[in-house]
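Both of the next two complexes hold chain A, though its partner changes from chain B to chain C.
Now for the complex of A and B:
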């Protein structure tokens, strides 16, 4: 795809930030899908890592073209989401959160110790196949799909089960199926984001998908809110741009993120964009 | 014809037998009340019927299907709906959206139709909104359909719960203490509403403490005490039943009443 010269210049200069905004937007949406059904997952970074590693291997070892690799990158994360979701989503409460933290740590240990995955050095030399338009096309499609699903019986069921799962079941909502569906959808979004990231940055390593990035992804949704799909994306953009603006304080990035989570929980329980989605199409 | 029946239905909670071998039959087209002192197992019985609690033993038959182990959401699909003792509306959603949620299993549009906004999706939503408005009309909440449910006054929230349960025209409506916290005027309009629901073809099974209300609208009454069924029959016969009087008033008072009826002087034991 060719851009006009001024845009080309701009994209070249800020390419990394522009990619990060789109990819983090997708990650924020993957968090949103889980929170929207009243569950808490700390495995979004793990799902992203599964997408990144599986897609990098497909490119590096199998030499598959990117238009095959990108859609296929969601398969492994989706399978892991099913394996974790089926036993934990029957239970209410924090079981999913705990299981997904465990998943992240187990995977990190596997990445570190398997030679085929590059060990502590990670995988490098990944060809740059990600184009900016791919990231933003997928982001727009994801927002549109989630927006439309939100304005339907599924959106109403999701909000109902977030408020009161038992009452929602009595209304005929198959709560467990929706929770599982949401977790798989979130793993797909995170996996695709991971593949896009891997093919934008040349290198992936085990520490990019651990507990800290998981908390950062959660803070996108906490800051932005989960009233509409736009809210978590806004949160992601603010938290992605902030370190760029405050470059001098880059050592304090973790402190800023922590502070924002605390302030958001205390003063903005519904996030920055507290608007609520109308649950009807008409 | 029997719509709902239980056979030897039992639920134990860590040593406490909350529901103990209850046999019950609810006739199609009737208003059936379950009464009993506090802790008699009435709400547990409701939770067993709607599936929120699994039976320890015994069975539940609904419209010819054994539903004892059926998941909660599937029972809604068979035509069962309920309200809760402590109101459980979705308070952050609007009144209309609450009722639309009650129509969940009747709306057939799949994910593909929803995402692509196929004609089937619009048709299904339109039908659902029409049905939801009818249910709101039934309980007299039409003018408040766009308000947030949590902002409604208490009496309206109770009626919203009934509208949400009634939206899908269930075969059986379970009402758990619908008159709780209502004044006499609200209670009598609730009685009229329950009659309208029955006349429209929905069988009503209710738990209630307000005896005037129960005697007024019930076609049949089941009395529970300590999880056991101690009476089953028409409301008029309850007053004559020694076991019921004993459960409510205690052995001593029951004996005095019995003695007085026999024209003798009460003898203190």
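Now for the complex of A and C:
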């Protein structure tokens, strides 16, 4: 495919931003899935890290082609979500948040101390395999699936759980199973995002998947809202674009960035897209 | 309409004239915000100071260098975005930076792909210049500095050494790898290897274990805050003058004396530069820097100052603002600056370690080790 030179230059210059928009959109969706069942998990960055490290190792050590690596990258996070999901999903609210922060820190310590994972130096020299279309295709598929699910029986069950888990259980919703399902789906989305990210930027390090990114991912969903799958993606796009758009402010960049977020949260507490899914009366 | 066209002519001519005396765009990516901003601002001050002199005289028959400094905030993605903006939009002929080795591992492949020479001034990790043929560095890698420090320690009679390092930070880990390899190569016996976290405050378990083994020296690779903590606790646990403390690049900061005070006395560290270096170029740099910025320069400012001159001279010798020619000219660099004489190896690393001085902490201040 050939583009005119100006467009080619534009795409090259903003390639990383364009990639980041799609990848952060996927991460926002992974946050959305757990928030949609009323759980506050901060393990998304950890799942992303598992996807990134496992896929980078498959590429660097096993030399597998990317069309094998990408689907396989969600296996480790999904298994991990299954293993930790059973005990931790008995927790809720802030207790689950703390448990999942702990999970992220444990994984970070593992990355730092295992030589095969590069320690603090991380893994460098990962070949660029991610193409822009892969990211956006997966993002569109993910939004479409979540939209479909949201309009189905499962979506109603999820919404009921979010509003009142006890009432939902009485109505016959298997709350534990939905919660576990949401956690695994969230891990799959984050893992794929991690693999795409690792193969887009040549280098991954343990500090990219710690506490700070976990909070950033949560803020995508908080800024956008969780009414529909579009809302968190919009939040992710705004938070990803802001630092780049504000480059002109140089030293005051951080101040403006923070100010915009504070104002948005103050005046739009339900997120920028506070719409809810419309359903025909059953 | 006609009138306005006539009026426009002088403006068109004027803009053509300025186009002929165009500026040469050069980019820099440094950490100007966030927790590591101190490094980037120091580097930027060094670059700006050098630019004052360079642009007074001009390069390529009177052209000026237009330096665009982008902030990376110490974040890998922002560093890549900055590099892509500098290369794709600003069409720079060379990039200086980024600040951290980790950022270079992400930025290097991007600039290298577009064949833009990229000169790290503060990247000391192994493997930086192996990223590609367009990646240079003017900072001495730790693998050049630490052997000089160890040689000094051996001259003082050190035969056994214990190593301590922070294992959660790329800079410290890479410094430790180098220290371990250099110690093995120079025939020192490593009696213990202990690690800790950069934010730890208690090192007594590691130090007590080391104390029992009675090594002649303890080598520490970490940033200045944890190094200070280790030294303070070591003194409390009774480590005295008989133990030679050896620091990596992270200990090479005036903050060590400020935090650890007398506990840091006797620690030796290798440095590519020293503020009280008895050398006219260096002395002029220090006084100019103080006059402009109202504070003393550190090694990062000094390295950046030299790098800016090296890049400017390379563009001048290239004869055109063409990144391919600038790269070839950089390889032929033969410059004498604040750090001493400077040339590149064929692997685009600094060739000479002559400039390395071993410093010793005495009364909370660094002086040249005797």
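Heads up, the rule we're going with is that the second predicted complex is superposed on the first by the 246 of 282 C-alpha atoms of A that agree within 3 Å, B and C clash if a C-alpha of one lies under 4 Å from a C-alpha of the other, contacts with A are read in each partner's own complex, and residues count from 1 in each chain.
Basically, a residue touches a chain if its C-beta (ideal position, glycine included) is under 8 Å from a C-beta of that chain, and two chains touch if they have at least 3 such contacts.
The shown structure was predicted, so the numbers you read here are calculated from the model rather than taken from an experiment.
When both complexes are superposed on chain A, chain B and chain C sit side by side without a clash. Contacts of A:164 after superposition: chain B is touched, whereas chain C is not reached.
In the superposed model, A:145 makes contact with chain B only, not with chain C. Applying the stated contact rule after C-alpha superposition, one finds that A:208 touches chain C and leaves chain B untouched. In the superposed model, A:175 makes contact with chain B only, not with chain C. When the two structures are aligned on the shared chain, A:156 is found in touch with chain B, with no touch to chain C. Contacts of A:102 after superposition on the shared chain: neither chain B nor chain C is touched.
Vertex at chain A: the C-alpha centres of chain B and chain C lie 150° apart in angle, rounded to steps of 10.
In the superposition on chain A, A:113 contacts chain C only, with no contact to chain B. Minimum Cα separation between chain B and chain C in the superposed model: 34 Å.
Of all residues in chain A, only 145, 148-149, 152-154, 156-157, 159-160, 163-164, 166-175, 276, 279-282 touch chain B in the complex they form. For chain B in complex with chain A, the touching residues are 50-52, 71-73, 76-77, 81-82, 84, 88-94, 96-97, 100-105, 107, 109, 111, 114-115, 117, 121-122, 124-126, 128-129, 164, 168.
Across the complex, chain C meets chain A through its residues 32-34, 70-71, 73, 76-78, 80-81, 84-85, 87-89, 102, 105-106, 109-110, 114, 125, 127, 167-170, 172-174. Listed in rising order, the residues of chain A touching chain C in the complex are 9-10, 12-17, 20, 108, 112-113, 119-122, 124, 128, 201-203, 205-208, 243-244, 247, 250-251, 253-254.
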